[in-house]
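Two complexes come next, and they have one chain in common, chain A, joined by chain B in the first and chain C in the second.
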Partner chain A sequence: MKAGRTWAWLTFAAGTAYFFIPLIATLEFSMRMRRGIYSFDAYQVVLGDVRFQQTFGYSVLVSIFTILLGVLIVVPAAYWIRLKMPYLRPVVEFITLLPLIIPAIVIVFGYIRMYGSNSPLPFLATARGTDLLLIIGYATLALPYMYRAVDTGLRTIDVRTLTEAAQILGAGWATIIARIILPNVLIAVLSGAFLTFAIVIGEFTMASLLNRPAFGPYLQNIGANRAYEPAALAVIAFAITWGCMSVIQVLSRFAPKSANQPN
Partner chain B sequence: MADAFLNIQSVKKDYGATTVVQDFNLGVEAGEFVSFLGPSGCGKTTVLRIVAGFETPSAGAIMVGGRDVTNLKPNQRNIGMVFQAYALFPNLTVAQNIGFGLKVAGVPKAEANARVAEMLDIIRLPEFGGRYPYQLSGGQQQRVALARALAPKPKLLLLDEPLSALDAKVRVSLREEIRSIQKKLGITTVFVTHDQEEALSISDRIVVMYGGKAEQIGTPFEIYNRPATRFVANFVGTLNVLEGTVTDAAAGKVRVGESEIVLKQPLSDAKAGATLSLALRPEAISLGRRPGHDSSLSGLISDVSFLGSVIRIRVDLGKNAISLDTFNSPATPPPTVGDKAVVNFAASDLLVLAV
Partner chain C sequence: MTDISASDFSRQSAPRVEARRTRLPTQWLGVAPFFIFALMFLILPTAYLVLGAFQNDRGEFTMENIAALSQPSILAAYWISIKVSVASAILGALAGLAIAIAIVRGGLPGWVRSATMTFSGVASNFAGVPLAFAFLATLGRLGLVTVLLNSVFGFNIYSTGFNILSFWGLTLTYLYFQIPLMVVIITPAIDGLKREWGEAAATLGATQFQYWRMVVIPVIWPSFLGTVILLFANAFGAIATAYALTGSSLNIVPILLYAQIRGDVLHNPHLGYALAFGMIFITGLANVVYIWFRMRSERWLK
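And then the complex of A and B:
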């Protein structure tokens, strides 16, 4: 028993070291910009850079629209499949996995070919159109995560009975989804939303090939030309990701509890 | 039946090649409490779901208050329904749950709040409006579900095994409460259950269902005392079935074991020598002579079960066996296994079962 616990702790320590030593090393390196002493100069340079603010702001905005588009597509689709077409679930699961199999570069070249300025749908003819195409592309890339998060959320509630209970009380589909289904899977939707946010913030291929001023290409540019700033950016990116995860944890406390299975 | 408030006309439901409801007809009068009673898979919930609009019948029609609602969506029917699994909305408080239908219908807030308060009083949970469903017991949740169904003043109330998930004591009190609220509001109600005691105790009429068909429709008294088919007789209450041979059809004489029983009516459909099933409720049988008990059968006591206030005695009659209940009396010791016994009953209590 005691030997088992020792091994468990040793494994835990090894895992912690595996994850944290590179992070601590990056943090330590990012603070060595000023010779001889630790400082936050690299962070000041990064945060003070106008391009950082512009690209980060652009990516945040794009991620918000991507999340909205993903929620609008995925929540009704996953709900409808669970309610009316459960036999389609394996097919839909396969389709939602395709963005993990097909490289982003293939998708974006497909977009460029399909939606060029001479095509019937010339998204790429204007900057706003390209932004829209980028949002659609990001929603596709985030589909595996968003769909699974929402589907898992739907699994925790009795979708059919709640729907029927709302229907018999006079509610239509929009009311049922907005007032009953969505609030009960909100935490799952938020999980999907933050995963989408994390993908959009760091994405390089699509933004670069569509020539949009996103954070991913900026990260790549800094990484190729500077020494300490990329390390500072990596730490900032970790802080943003952990911040998102903390928000999910905090929000999950306010999740509606199941009537039959109290949390 | 044509003037009934709820009219279920020749309803049929197929799932592919399987027919789950066939030629189902029923008229429910306004204010009546009708129960669908039957084993799992008999089609009772399917008929209820067809009335609610969750299933579309393969044939037939549903009329509510003289209006054909067969092709209306559930949210257009103005019907209230209580589900077995409560189905309260977990994200809404008790008051919000009860007020949901009113809000959807666009009832002004003040009026809706007053109606919610009234419903909370009716279900005797006036101080629970601010709680969430997970903070309530099963019985309380089902009372809230009932209030939620009744709040928009539906024309018809459907109860789909609302007591199945509750423990025995709560079931009894809640079924009495449901009946009392139903009588008070005078709402036409259809109740689905597989529990015969529930159906017998609260219904105006019972529809006993089997194999997608209505086997018998009648008052609890009729269903229990005059079952129309062997299935109804076996399903409702405990029943002793005796196999006999017709000796004189015109005189209603049947031989059971070594004894001959004379029925109160002639056996017009049977011939001499034919085998016949006769049914007898345990409470219609006594060990000693009783006024009116004009028939008897002899046998040996094969089992005695002490059940507290009641003693259940099993008497072996050769090919047949019979169970009867006697009240426990501290002064009289129960009979012992192997004793000779003569069971007495009134021939008029015998039910001739249709095969």
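And then the complex of A and C:
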């Protein structure tokens, strides 16, 4: 058993080295901008850059709308399937897995061909329409994560009893979903939301091919033209991802662990 | 009574004609947004490309586009994509498995496991352009590791033919999200190995080696192989990291498709569709195999 533990420590140490050296190197590189001494100049340059603020703001806005769209689509569907149409579950699960099978670049390629200016649904004819299409594309990318998060949340509550109780009290469907189901799965929805945010904030492919001024294309552009700023941006991006995952971890502590009653 | 008739208990109550007529559409109303969304923004756009791959400019059916994929530059792109994806999937899976076994079975303190799982959650989502920046800052020509190896040990890794803008450079970078993804997925499978199996094997006189070879590996094998395939698809569709890392110097399929969408570099729109179809075909095939392995592995983990 002693040898086993040594081996485990060695594996863990090797993993730690592989994962932390790039982080340390990036941090170090990002502080090398001023010759000879370490400084936060690169961060100052980046954070003071108007285009950074604009693209980051744009991406935050887009991710908020993505989350709203995702919730609007996923929550009623997942609820309804749990309550009334369990036979549709395999179909829906398959559809939500499709974005993992079809690469994002293929999906956006399809959008560009299908929703061009001359098509019956010319999303790409206007800037607003393209923004909308980008939000839709991101909602598609986030679909597997959002659906799984919401479905896990629904599993922990007794959907049927809650629904019937609400119906007896005279609630309509909109009221049931908005005021009974959503608050009960809010923590699950929020986990999905933060995961969506982490995915969307720096996404490059879709934003770039749809020509939107998002954070991902800005990152790529800086990477191609500057030396120290990319490292600073990488550190910022890592911090954002870390922040999102930490929030999810904290949220999971508040989530109910199992169903009160099996459905 | 009308409220209850909306729930499916109404099947037992006497169905009125108009109630049945109004119930049919409302039944589908709840899932309609989801299905319309999936149809319009996931299935139809993909189907459009797939159909386009089998059509010529006049809209007639043809296999020419698929046949045209066999030109050397496109084949080379598919080949390097497959190589990078396979290498990063297999190496990532092995390293991830080793880490998962170490944290579950290695007798390490509890904080090691929770810290590793948390970090894996973060690192598996740390991909795209920033990841490329991190590796350029580490192993680029001015990167910390490159400089330290050169100044401390007098060893220039670039003199050995290594280049971050190459097959191995890209593979090493992809491992940064592949290994954590493996850890996240495979740890529950390692947890599923019951202690009793080890004790039973020991009671029957099995050595540690025999226990691993005859019990652990056969049980983990399907989920291991399944995850390898998932990692493969994960790397195969990725573009942002490679694009930010290598520009267009490493011609993997997604980068070629990106250039095609931007500027029709292949001078044939339908060849672009065929390129996209080829990507879906490969990741789709990988996922079919994945689902099959998944179904087999779930039998053991109940």
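Methods note: the second predicted complex is superposed on the first by the 226 of 263 C-alpha atoms of A that agree within 3 Å, B and C clash if a C-alpha of one lies under 4 Å from a C-alpha of the other, contacts with A are read in each partner's own complex, and residues count from 1 in each chain.
The rule is simple: contacts are C-beta pairs under 8 Å (C-beta built on N, C-alpha and C of every residue); 3 or more make two chains touch, one makes a residue touch a chain.
All figures in this text were calculated on a predicted structure; none of them were measured in a lab.
Visitor: Quick check on the superposed pair: does A:136 touch chain B, chain C, both, or neither? Answer first, second, both or neither.
Guide: So A:136 only meets chain C here.
Visitor: In the overlay, answer first, second, both or neither for which of chain B and chain C A:220 touches.
Guide: Second partner only.
Visitor: In the superposed arrangement, does A:4 touch chain B (first), chain C (second), both or neither?
Guide: second
Visitor: Now for A:170: first (chain B), second (chain C), both, or neither, which partner does it touch?
Guide: Both partners, chain B and chain C.
Visitor: May I ask you to decide whether A:144 touches chain B, chain C, both, or neither, giving the answer as first, second, both or neither?
Guide: neither
Visitor: In the overlay, work out which of chain B or chain C sits against more residues of chain A.
Guide: Between chain B and chain C, the winner on chain A residue contacts is C.
Visitor: Just to be sure I read the superposition right, which of the two partners does A:161 touch: chain B = first, chain C = second, or both, or neither?
Guide: It touches chain B, and chain C stays clear.
Visitor: For A:25, using the defined touch cut-off, is the partner it touches chain B, chain C, both, or neither? Pick first, second, both or neither.
Guide: second
Visitor: Quick check on the superposed pair: does A:153 touch chain B, chain C, both, or neither? Answer first, second, both or neither.
Guide: neither
Visitor: One more residue to check, A:192. First (chain B), second (chain C), both or neither?
Guide: So A:192 meets neither chain B nor chain C here.
Visitor: Based on the A-chain superposition described above, do chain B and chain C contact any of the same residues on chain A, and if so which?
Guide: The answer is residues 164, 167-168, 170 of chain A.
Visitor: Could you please specify the touching residues of chain C with respect to chain A in the complex?
Guide: Touch residues, chain C against chain A: 3-4, 6-8, 27, 30-31, 33-35, 37-38, 41-46, 48-49, 52, 95, 98-99, 101-103, 105-108, 112, 116, 118-119, 121-123, 125-126, 128-138, 142-145, 175-176, 179-180, 230, 233-234, 236-240, 243-244, 247, 254, 257-258, 261-262, 272, 276, 279-280, 283-284, 287.
Visitor: Can you list the residues on chain A that touch chain B in the complex?
Guide: Chain A residues touching chain B: 157-158, 161-162, 164-172, 175, 180, 183-184, 256-260, 262-263.
Visitor: Can you check the complex and tell me which residues of chain A touch chain C?
Guide: Residues 1, 4-5, 7-9, 11-12, 15, 18-19, 21-26, 28-30, 72-74, 76-77, 79-81, 84-85, 88, 92, 95, 97-114, 136-137, 139-140, 143, 163-164, 167-168, 170, 173, 195, 198-199, 202-205, 208-209, 216, 219-220, 223-224, 227, 230-231, 233-234, 237-238, 241-242, 244-246, 248-249 of chain A touch chain C in their complex.
Visitor: Can you check the complex and tell me which residues of chain B touch chain A?
Guide: 52-54, 73-75, 77-81, 83, 85-91, 100-101, 104-105, 132-136, 141, 145, 148-149, 152
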